[in-house]
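Before anything else, here is the set of structures, which you'll find just below.
Two complexes, one shared chain (chain A), two partners (chain B, chain C).
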Partner chain A sequence: MFYRLSGIHHTRYESASQLWPIPADRWQVYALLALALAAPLLVSDLYLTSYLLPWLIMTSAALSLTLLMGIAGQLHFGFAAVMAIGAYTSIHLVRFGLPFELALLGAGLMAALIGGVFGAAALRVKGLYLVMATLAMQYLVDWIIVNVPAISGGAQATLQTPRTTFLFLPLHKDEVRYYVALLWVVLVTLLILNIKRTSFGRALVAVRDKDFAAAVIGINIVRYKLMAFFTSSFLGGVTGAVLAYCFYQAVTPEQFSFNVSIQIVAMVLVGGLGSVLGAYLGAAFVLLVPIVLTNAVAYLAGLGLLSASTNLLAHIPLMVYGGLIIGFLLFEPLGLAKIYDNLRKYFLVWPFRHARS
Partner chain B sequence: MKRTLKKAAMTAALAVLVGAAPVQAQKEPIKFGLLQDFTAVYTFVTSGYNQGQRDYLTLVNEMGGIDGHPIEVTVVDTGNQPQRGIEAYNRVRRDGAILVDFLSTPVANAMVNRVLEDEVVMLTVMHGRGDASDGETFPFVFPLMAHYWSQAALLVEYIDLYEGGIEGKKIAHVHIDSPFGREPIPVLQELAKQKGFTLRTFPYASPGNEQSATWTEVRRFRPDHVFIWGAGGGQAVSVREAIRNGISPDKILSVVWLAESDMHNVGADIAKGVKRFEATVTGTDTPILQEIMEKVVKAGKSAGDAKEVGNTYYNIGVASMAITVEGARLALKEFGAPLTGDKLRRGIEMIKDFDAQGLIPPVSYSSKDHQGGGFGRVSQWNGKSWEPVSDWHNAYQDLVWEKIRQEAAEFKKGR
Partner chain C sequence: MAPSRDGAMTTKNSEAQGRGVVAKHQNAARDRVLVCESVSRWFGGLQALKEVDLVIARGEILGLVGPNGSGKTTLVNSITGFYPPQQGRILFEGQEIHRLKPHQIAQRGIARTFQNVALFKGMSVLDNILLGRHNFMRPSVLGSLFYWWWAQKEEVRQRAKVEEIIDLLQLESVRDEMVEYIPLGLQKRVELARALASEPRFLVLDEPMAGMNQEEKEYMVRFILDAHEALGLTILLIEHHMDVVTAICDRLVVLNNGVKIKEGTPHETINDPAVVAAYIGKVNHAA
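Take a look at the complex of A and B:
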């Protein structure tokens, strides 16, 4: 049902090797893309700027990290620092006089360089030890930003993003910001989807599954691990710049603190390690569910259904949120994307059951 | 005699207001958004501060609102996260809020551009950008009370005037290693040069639960006075470590963030003598607090625990709203309803020598000065409560304003 396979014959390699060979998948993607493109007309600016925009940007961040954590198997607990490097670099470059488009590239390159240096630690350590090395990156970058006023923007440690344009469109309009974020998340999505099917991606998967086994079959582990860190940090850096310009409009060190790193890791894990759809679902869950819960509790309290002190009311969403995370992970340890995958597989062979995994 | 007269006038006014209430309640409400951090970093201050704000607004509403307009408050938790602050802000703005208060530096700093564009008044009482005092660069941002630069300058002047001069003394500035902890350093350095005292800074790592290594260093420096510049749980740790390292409590001077609860955490008797900056009167002896006790707390309409009433942070909350309501009242009188963000801003800028019936030092605002002069005083812990040990005054404002203008110019350049 829905995902009908009968009558679909691929007679050319191009059609068989396209990203979504099953029409139902393809149509879903097209429909979602059309909705995303029409979003500024469909939703009010509250939902556009406070929900869709941050969601798309944080999805790009989660996608960048899923390349490293999900596909290449390298844990990174300092990804917010990578984004911070991108954000600060882009702002300083634009203030220096570079056009925004080039500043985005510069942001990516700077983040990739510094991220790559710390990634070099990955050549020697694995697992929890790599977590420690990346944590060190988070704290070092934080410390440098706070302690060098030339970077952080003086005593206030706040840098406003300068007014600029993207491809001749003014970047201070909500719609333009939204479309820049959308363009970026579509680019990253396509990139990750395709990386998974290339020799680069397969080599990363081999490294993830067992690195010395990968070495035995002729994969240069040093090179691929470094490339994974470089690529992922590049994407993270550009995402940081997009986050600064399109959403925050002012950067402070707290926006890229350790908590944010943990949030991005949570997005990747709750969504499903290595899954592209998972990055979207995970980002929505981590970013938007607390807001929705807070508003729901406030609404209930407004109706008089919940009478408690302000402090307790503020903490109820946190409790529910914690319960939800535990619940989802118990229900499906492989993440939110796996829940969709199960449904899809069920319908794929319906009314039979043998393809359920 | 004067007081009785005032009281009588107040009661009369109240009678009129109550009598007229049903008619006046028809007027459109004025909406404020208190979008604060109840669950993350600022929890130590938010509950008291927010309760003070809401209790005062309840009192105003009980007395018929501002010129008949009731005040509607939206309270939202932002968890100190800018993205949640942005969502909450956009939501209340859509509902017509003309004033927001985030009580969180990261969130408030991220909102500066937005409030300037949307013409919504943002309060940054004891948080946010210090240079927001410059009303010409930040027309919609109001620190309302003495900001950190003014506080540091005032503490220096206090030592100079009341503790036998500051020249030749050794001052240790022990601070949390964050932008907030570093903020007063440039002003202190400049003052050290002008006044001829030795300044050394000692950072400790955030959040400040563990400071012993820092204080060993401080002891070696043998300071005459110690400034502690932190917030929340770290402050009690600072006081305890200072005393453990042989620094007499009366040599400790703190930024505004040192409350009754911190003193009880240290040990109310041990901490006897500790001094701090304060911007409002503490306790419930002022007329406004008395009224809140009578009409809000005793009537069971307080937004929180009755024990909080009169505490440091509670009173700061009350003062922030007292000033705002005065501004709104002036704005309504001058420009008429409906109130907008721009009218409210102009209203606050019209306030002259307002002291909230003795709760705060007399403050005046203008289109240039959104800090209100930077007044405050030093108070000392006597084992039970905070006792003022200096008069209301402001210190070295020319130096502070030089810094404000310099930073504000940087902000303008970066936009």
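Take a look at the complex of A and C:
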């Protein structure tokens, strides 16, 4: 964060449109990636599988949804259902005998197809009605999964993920599960970043911001909205499969309930609509803050500083958490990513104020 | 160049000058880029366009004028597919376009700007103009995923094209600014740049100089003339500034209450008693 922009001159269009045109930013990213690769050596297994792993996977989910909600501007309140389709598809495909790599592809395609069909239905409507349409998808998919034993293995059933390998590595090993999740989040991150700097992303944003102006330069609005639904659902489907195999190692319908959909939407909003960094920050916030709050409340209660009924104690973290989210949206509607950006700009021009980077 | 200021519309000099009606432009031998045949459009009970006929010849700059609410923008919206005519036909280069969607019409080679600037906020000037190249790009998810082997070459090639337009319209200094932070006059120029980026053969400009001061107007006039010449465009120009219209248009068409009341050379048109009456009537009405 402590560097200046002076002396950085791009002389080729290629270098000017790099993902991180500023060398210092680039080195930061490389350093983070190196840390992520070394994580299994640096942190305990418990940390790796119960903090880092879900964070990476939910970040992938938030990134998938950010493509649809942030970049293409289409609300989706049934994204967990999309992930459920991917999860169940991948399990059944592997049980059927397909290699895991292909099952992932199948999971994405199935989710994209069904998600795309709902998207097509939802294209005619906007705003609240779109929310209703995607909610309908959530409940319809939930209902079908629970009530069709061929999919769920019967109501209340838990399907264990079959033993399998990824690129010849055994998928039940902790490190392998971690690296698969890491690989996926890196892929999704690169995809979203690249979409944002290419014609596809520009067209999506154009349709989101001013559809009539997009039409007048030849953009087929319906087609691009559909492509957004399709792509985002594909990513969501694969993420669902990764979640099932790498984190839960089993699936039940509750893992993909409406609550989860809301959580993913919260990640996107708290992190900052349309921001890649925001998806990481938002996922961390939504996953970690409840844990931290619960521990903090328990700690304070243990010290005798908080005396209340256990019932109330259980609800305090939820209340604070809800308040925090609302506070964030009021205080900085562009989310955590924007807060980071403000900080960064502040230091870039420090000690001068009010200058733009 | 300074636009000539002769013949301001508000002059009371309303002597009939109905001589020599533009014979050369009605010469059937010339290429007819756009033809409107008795185009009508209603909004509820209001008829915004009443059987409007219009022919625009290749290479021409046609001025479309008329008092507020006379249907100019509606005619443009009919041509570009936003409010398709409920009666009549519109042909572009001999082919019917009035049943096509706006993006299909754009793909045929018609570009336009909007009366109220319609740029994409939150994007840089450069990205806005790059969007104008949409028709020449093949956006795809896989292309984006494999950016370094696939999309990059195309992005760079289109970027080079965009730089030519930035050059032509002298937008270098604001290239990387967010469009919402630059002055309105420049925003209108960026919108012109975005329209030009799509390499149209027919360009529709809806009040490109609204809200500009004299200097900005003169710049804009020059850019329009430059583009007209450099790109071999045919232009339909809606403009309230009569000095501009008379200076750069080959011909004028006057709408009033959705009816075409006059068509001819700029000079004879703005001195036509019916035209003057339409404007003055409107002024009294508004007062």
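Rule of thumb we're sticking to: the second predicted complex is superposed on the first by the 337 of 357 C-alpha atoms of A that agree within 3 Å, B and C clash if a C-alpha of one lies under 4 Å from a C-alpha of the other, contacts with A are read in each partner's own complex, and residues count from 1 in each chain.
In this section, contacts are C-beta pairs under 8 Å (C-beta built on N, C-alpha and C of every residue); 3 or more make two chains touch, one makes a residue touch a chain.
Please read these numbers as outputs of a predicted model, since none were measured by experiment.
After alignment on the shared chain A, the placement of chain B and chain C results in a side-by-side fit free of clashes. Once chain A of one complex is fitted onto chain A of the other, the partner contacts of A:Ala215 are limited to chain C, with no touch recorded for chain B.
Counted by residues of chain A touched, the larger count belongs to B, out of chain B and chain C. Vertex at chain A: the C-alpha centres of chain B and chain C lie 140° apart in angle, rounded to steps of 10.
After overlaying the two complexes on the shared chain, residue contacts for A:Leu191 are found with chain C alone; chain B is out of touch. Look at A:Ser199: by the touch rule set out above, it reaches chain C but stays clear of chain B. In the superposition on chain A, contact of A:Thr231 is made with chain C only, not with chain B. Least inter-chain distance for chain B and chain C in the combined superposition, rounded to the nearest angstrom, is 31, based on C-alpha atoms. Residue ranges of chain A in contact with chain B, taken from their complex: 44-46, 49-51, 54, 95, 146, 152-160, 162-163, 247-250, 252-255, 287, 290-291, 294-295, 298, 309-311, 313-315, 317-318. If you check the complex, the residues on chain A that touch chain C are 13-14, 17, 190-191, 194-195, 197-203, 205-206, 209-210, 212-221, 227, 231. Residues 38-39, 47, 50-51, 75-77, 79-80, 82-84, 86-87, 90-91, 94, 105-106, 109-110, 112-114, 129-131, 177-179, 182-183, 186, 303-305, 403, 407, 410-411, 414-415 of chain B touch chain A in their complex.
Listed in rising order, the residues of chain C touching chain A in the complex are 80-82, 101-103, 106-107, 111-112, 114, 118-123, 127, 130-135, 137-141, 143-145, 147, 151-152, 154-156, 158-160, 194-195, 198.
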